[in-house]
């Protein structure tokens, strides 16, 4: 149970995960926020209105997966850093995962790094495709990582070793 | 020297600053006292984005909120801000508040109403050698690294998985330290799940049902011995294990800094859900001393957002009692009441609400 | 240890100063507390306890707990976690009884 462990198992995300059909259509955002806490800035974070309006401030965020185009603008606006974008069919063998990142040193585009799951275990390696720094919040970077397709619902972090 | 004012606000953190922002919109003479050389209170150390609602700065980093509020209060003409000033006593016979400025100048303050927004201090944990250098309240580590840019150590064990323990563990990694474990005595993680998720995906293990039994080190901390707890919070012999570390952070709760309130003669009550001994107050945050109002952590251990809303409520109520609250201010207070209700209206607000309910019981 | 780079914060320190700890010269900044300068220099022991002479360092670092008390320019019991360092200040570990 996530309250005892401090991380989610995939099954605990349930309806927050888009359908298999939607995952194949293109990039889509997934908000891994499953606890009723008083927090609502995500509802105004999407330019396309894909994050449904809250009735109460403690409501859980819900994404309209058809409206969502996976642009990732919401990623840097979630105070809990709980939003990720997954693009399952990025290429034949690979998926793309976009994660929020607030550490230095930043990874380098084009290089391979260890990628980690929600528990912090290394599950493979991934290549950094892009690093975005958005005006709404430039200190929370958005890192695009190319990972083996089967890891797209597992990878939620990257490990950059400080060479110093 | 003697200062005369209408309302004195003790504490320049989120609660005190919000009170000042409301009082700035009146014709009252206001004096804001802050013991630090800067305004902002705990906000100055917070590097993470705040939760809550957009109107209450959700998505803005804590230290930026501190800057915004501090700059705003300086604009009011009726506001005197006295930094490096510690309010240190209230003398009933003279009806005077005593404060010390710059460690040397004594100021006697005559006032009509006072808003106490002094916040809270960190609790310690009892275990062998808990006084070794290298063992800190978690806030101390946050002050060192986020305010002064000094890392006190490299290998850290965090005790406490409430929001403070989880957030500071994350900030320690941002500052370049290694957090080897988060230790939590309860069977569940105490803070918001999303904070726990952030540290879990960094590979930091959270050991629930675990506490610190002993600390080791000759002149400074070198390691700690952890032990598991059973369902009755008793230590389970044989489960001791050692982790080497040079820094131990205790994030085990806060206690309201209520000394001045005792001196003001406010009736106090012990309510664990609100943080310990806190003053009895009415819905407008007025204590049993009708000239004394409270706001923020000194009223109940909660968060910066509720502190800001309480600061507004206390300030408007104090103004109202002096017949200086405009219709706009009264509306501001109504809005603050509604927002505070919404904030607490979920599973994470249950503890505070049950504590407040106990306050109202005779 | 001073943090050189940080993903969120920038540290704009004040003016560099030097002061003395038990006769030894220490480098610090004029906008940080004495104890912070000491910790930045790797010095974590600020005093010794009265009865058992156990080493004491920072605990709360915000002026509440009394763990950081030292003698500053002859004045005893100064909270070094909030008192700013000044050029030439004389800081002493109070109760110079050390466990040898």
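Couple of notes before you dig in:
Here the chain labels run A, B and C in written order, and each chain numbers its own residues starting at 1.
Basically, contacts are C-beta pairs under 8 Å (C-beta built on N, C-alpha and C of every residue); 3 or more make two chains touch, one makes a residue touch a chain.
If you're wondering where the values come from, they're calculated on a predicted model, not measured in any experiment.
Greatest centre-to-centre distance from chain A is found for C, with centres as Cα means.
By the count of C-beta pairs in contact, the leading chain pair is A-B.
The geometric centre of chain A is 32 Å away from that of chain B, both derived from CA atoms. The distance from the centre of chain B to the centre of chain C, each centre being the mean of the chain's C-alpha atoms, comes to 24 Å.
We define each chain's centre as the mean of its Cα atoms; on that basis chain A and chain C are separated by 43 Å.
Chain C has residues 6-8 in contact with two or more other chains. Residues of chain B in contact with at least two other chains: 61, 174, 176. Residues of chain A found to touch two or more other chains are 102-103, 139.
Those residues of chain C that touch chain B in the shared complex are 1-3, 6-9, 11, 13, 32-33, 36, 39-40, 44-46, 49, 54-65, 67, 81-84. Against chain A, the residues of chain B that register as touching in their complex are 48-54, 58-59, 61, 161, 173-174, 176, 182, 187-189, 192-204, 206, 208, 305, 342-349. Residue ranges of chain A in contact with chain B, taken from their complex: 2-8, 32-41, 44, 56-58, 77-82, 102-103, 116-121, 137, 139-140, 156-157, 162. Against chain C, the residues of chain B that register as touching in their complex are 35-37, 47, 61, 63, 103, 121-122, 124, 131-137, 139-140, 143-146, 148-152, 154, 174-176, 219-220, 257. On chain A, the positions that touch chain C within their shared complex are 102-104, 139.
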